[in-house]
């Protein structure tokens, strides 16, 4: 039984913390402390209580000591792993990120990664990560740091830029959806029962939420070669990879989509984009797939409004409260997330290959060294090493590079607190491609205004 | 007196050939043969006759033997230099390149470099350059090749890709305009007589027609540092660097402009874009500076219509005929072009530093190796070596890379005769940034149709 | 049951073919044809007969059809895998490679990789591999090619240089010895039963026979951190990693050694060299560890004389004959070699991480792109992808680079049949570090003379 | 008349300071202050007095104010240029550097760049340069810094590593000797009067004292192509490029040599090594050209003993004293050094191309980025930019890389005060190629002991 300490930063208002606790509870051979740190202390307390319920659950294999820390330093002290999963500011600020641009004709499907919303969210998040990184460097420099916060790329960038020796990677499940989609392809084209996602091996590379699969195999079957035939059947009506959902269920649940964008991109570029369609569309010119809600509907996905998120969030908090107080039982079961599997591998319990976000040190030779890229990595005892990815087609490299370099520009602008440089990233966002420079400036200033309380401590100037 | 042979490919219908002949006539210590090869044989003949008149002119210092070759091989045989300056197809095809996109709301200021027009022009030009390059490899592999044809970048790329040992570079005078503009800045801000362009030293880098000056000096004065003060006075009303013209003369002459775009970009990025504004605007999102003719006017430039070019061209041909027949005297005088200066340097007559287009071998570390970039180069005896350029700001690197990689994609698509890959470059052109994918396809097909006779020998498929 | 064809080039006179056949016989779920091609046809016939005996053996799980091909093309036709394992020329030529330099005071422990012997062996082998590569390109371009022949690096280089799209890698078991050695360290320092080699995970990188381990773990124990204490006990007397042997058994068996060189290098550089000591010493200045047989003995290893090899070889052939004729039973058992495991992974039956030789595409950022390097790779369905290795210490990078670039120089010299360039590699071999240039020339010429019959078809000039 | 301040660090006991003062006195259009800083204050005073005599000389064009500063800060304050030219420790320590290794059979021709002497000298010099660099960063960060001190490469490395924004380059006249040699080749082979060095244009690259010329032109004549014929006549007897000296004058003056090593290397590699032979031999295995004094003599050069240097130095000091006191007239004449020409170019008075030492940023794509390399650079107003060099032959790249990486290792060892890492560089010096590891350790320790007083303030440990 290996005894470890995990510092968990944030997670108070997130489903994800609970999923992680379930997975840990079901991980054999591990135990120790989970130190919860959240600026929302009641939320952390709630998680602690849920943790205790999980410990008491009969399905639980590994029991953990849950503690709530009011200081980051206390949580980090002695940590073997640090998990970061925060919501920068509140859904009110996210509402501005996502919906304010609409008056300029700019729509966002998610609004937390790139596009105007991604830039503003980065402006709030990076200064917090500067602090996390310097505290980790000071208090637990040997800990492995797992980031789940969006914007993923720029958070991971901050960690490495502030503390270059950090052992950090960014984890995201979006590529899993593409693997699930490929399971569907295998099922339909090979007339076999749908395989498990882990039976699909892929070579994916790009930036988070905009990765591309250049090679995909189920046993020795080339799955990409099956796509043209699959698309003859499903291109028009779509195909949802999520079990139990129909292709047009996206109309009621904006987290669903019909994969039509993905199929269209495959037609155009011959490689398979690997995140959910709602993410993909934000990395390309607005008029390609996200001109307005009608275009979105045509491409078989919907925009995720922040009102929808508010509803989801309050349901989740309510459920958490019920669970914390014992009025609703916890539901200890294994998820499809990989964090605990990766932790096990890092602890020396079996090699794993999975796609995560790390600084480019050669794994994507067409991206600048030091930019954060997502590729396969080998996880092994105290070691996460990127695997050299296949080159992407030139045209796709161009799309990826534009976003990667926008993020680098944005990061450099935030780091130096230079609004004009941040704006250079803002105006060059593909989702801003139909915006004139003057309008872009106006929008940028309005968006800053809307999230001002969370920026004023970090930036001297708050308009350009 | 050094005796050399220069093969001149094209130039029949161009002012430029005459300028080059004047410059050669005034170059001391050189003589030899100029072998004229043009598919328009009468045009070549006309140039030959003008050459003879130049030889007879009293101002002429060096006399040359002008010959007309009907076969490329004959022209190349024994050549020390090969000059390429062709018009691919006619102004009718160029009219389609430039004006057809207007019905989709896409305007072009020049239409021969990037944007939809640049892509179509490349589709016609690259196959011709494949032929030129293979003939040069076979017939005169040691010759120095000077390219003047647009699209400059992709022509130079073709030469090096087909014959990697070629000694070629692409020459363009657009950066000289930025140097002239800096002369104006020096004059206005230092209260001195306008300096000569050669007194301004710069570090410029980028791709042709989209280079950026990161450092500019007149003696030991930092000229970029003077720009803010200069712009306070001239940003609104503009400032034309061409002698004898007022800022708003662009209304009658589309080759003029008020440099307002250049000044605006300097405000945004802190470095000075180095080509004429009418070129620069084509490398950025349409809505930034080229939404429509009204926007153009607001930014103090006009679009160059092909009708305007037709008029200019027929005037030039008429003038050439008069000169060829002796009815109008030749006007032997030195131009501001540098080709003959560079030829002298290559012949071992003095080092020169000037900006030309060559494959990237490290001079722009942020661009992929092998892409064609424009930077300073040192010209010396049988040697043209790139000078390492200052890095560009990240945001500018991103703009340059997007265009450079579009050209790489376009080249690869043409090389492999793959229309879908060419289209991937087409739809990602910044000037197409407000175009949906379906409309882009339609436009692409229509433009191919309009230039079909010049494509059908090279491409199996002519629509996507 | 997956049906495949394996072409086996060479192997006639090698133990290794037999080991491979045993392993294949014990691999579940595979069957098909093994096409044996060897210029020594009786040897191939012998292997075919042994194959039949293996098929008849009760322990055999998978039966294979063994065929002897007299033409390479026949063997390659339809092959899924090509295995190359040849002896270039005979042991007579190897005797010259190894022993001729002794009269100049140069001793070699192995003489088949680098040093004067390695260069001469490369001169004989590369032209054969040029032929293999061009036949593979023509006949079975999709086959996976596994090389076992030494000099490993230059053979793999030839394959990729002649046919860049080849799917090839070079396999060598030397790193396994370092893993075994680390098992011993774990056993001694942790007081546990000796772990299995596969429980040790490492990050190794370098060139074949000169790789370096920068990280080594047994579960979560850092094995390199245990070395200082281990060396206090065993540095002087040595420690043999081979089961059942004492540290000084190297005196009777030159394939054994006491790992004292490895321990000394760890003291000097802080990282663990990963091949057998007898290989390592050939990559460094002669006077460091291989001044003469007495120095070798001091460092607890012996030189492998070619007489010893002759004896071993004739024993092996005799044994093969007995087995082929059924006078001696075959001994079907699983070996420690990984070839069949890698084949299974490539066929989509489970990911494997193992160290092999491939062109550098970023996995060793300090080595030139395109040089052949040995690092971990991920083996998966139709895919072998290098894993980014830790950087080596600068001083070690320097030692590795020198050898890697010597091999590149040697390869380029052989490719262009330029003896002077081959000699530039020869004279710069670390084992030649005490040789003057004139003596080096003499020795080079004498060695060429000794192996002339195998060179004269390929090189116009046979002395410099 | 441009008024500037030059801080001159060191130079007290050097001929070179006087040469520089003469050149400045003859430079039109410049004046200002020369602030002399030397730990040997009387030496600085002597130079100040000589400066005053120069000011009084009738040939002097530009008068300078010479001041002696006892604090570095005072000298640097307001400096436009900083010139560094120091002797680390005294000739006593240099005697140990050069002669102590002889008892181990290691001879050095110069002993101040690489080899055992170079390493020890670096150990003394780098800590001083750490101080200079941090003071320059603090006091005059915009000044241009010109280094003349050896070991050139590691001094320049220190400046850039401590203060990455520094504007520094290292100047060395050794390449000029190769240009002079090429003038001799032109004279002999073309039967023309010996051209001036500035008429020879070259592409040279490598590390200081070990650069290689890949292209050399006199007007449009390829000089390297003339070498084979030249060498037929002069290979055996040698050819001294220094005016007024016979090939065997090296016997009386160790600064002379017959260029036989240079010619031999050209035979072997096809490119021309560009420093004096006495420097070149130290970068290659001892037994190639520097086994012992007899070998040196055979190759037409002699070793420079430190006794010879002592004599020269005391003559120079005596002469300086005479000049300072007015007993001997100053001899104001222009030298062949380029420092003042480069200063003029940096001040915006004409472009110059010359070879200097700067960090590799792409000018030598085969060397690691950031290593200090010597190539052509363009000097212009406030700008020194490297020119992309031709690639060197692989075998030469290998020789250069080994030395460059030894220096990087040595620098890293000194920076981290890690004797074992410095030793890793020491034992891998080509001049140590016949030394066993144990003997190398002994020698290293003895050499440290001999120079201890100059090391003890910087290194905690003084033996390994």
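Which chain is which? They are A, B, C and D, in the order written, and residues in each are numbered from 1.
The criterion applied here is as follows: a residue touches a chain if its C-beta (ideal position, glycine included) is under 8 Å from a C-beta of that chain, and two chains touch if they have at least 3 such contacts.
The model shown is predicted, which means the values in this text are computed figures rather than measured ones.
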Supply the minimal count of touching-chain steps required to go from chain A to chain D.
-> 2
Using each chain's Cα centroid, which is most distant from the centroid of chain C?
-> B
Distance between the CA centroids of chain C and chain D (whole Å) is 45
Would you pick out the residues of chain A that each touch at least 2 other chains?
-> none
Which pairs of chains touch one another in this structure?
-> A-B, A-C, B-D, C-D
Using the touch definition up top, name the residues of chain C that touch chain D in the complex.
-> 264, 268-269, 285, 287-289, 291, 366, 368, 393-395, 397-399, 401-402, 405-406, 408-409, 412, 420-421, 423-425, 427-428, 433-437
Under the touch definition given earlier, write down the residues of chain D that touch chain B in their complex.
-> 2, 201, 203, 215, 217-222, 347-349, 351, 353, 361-363, 365, 376, 378, 380-383, 385-389
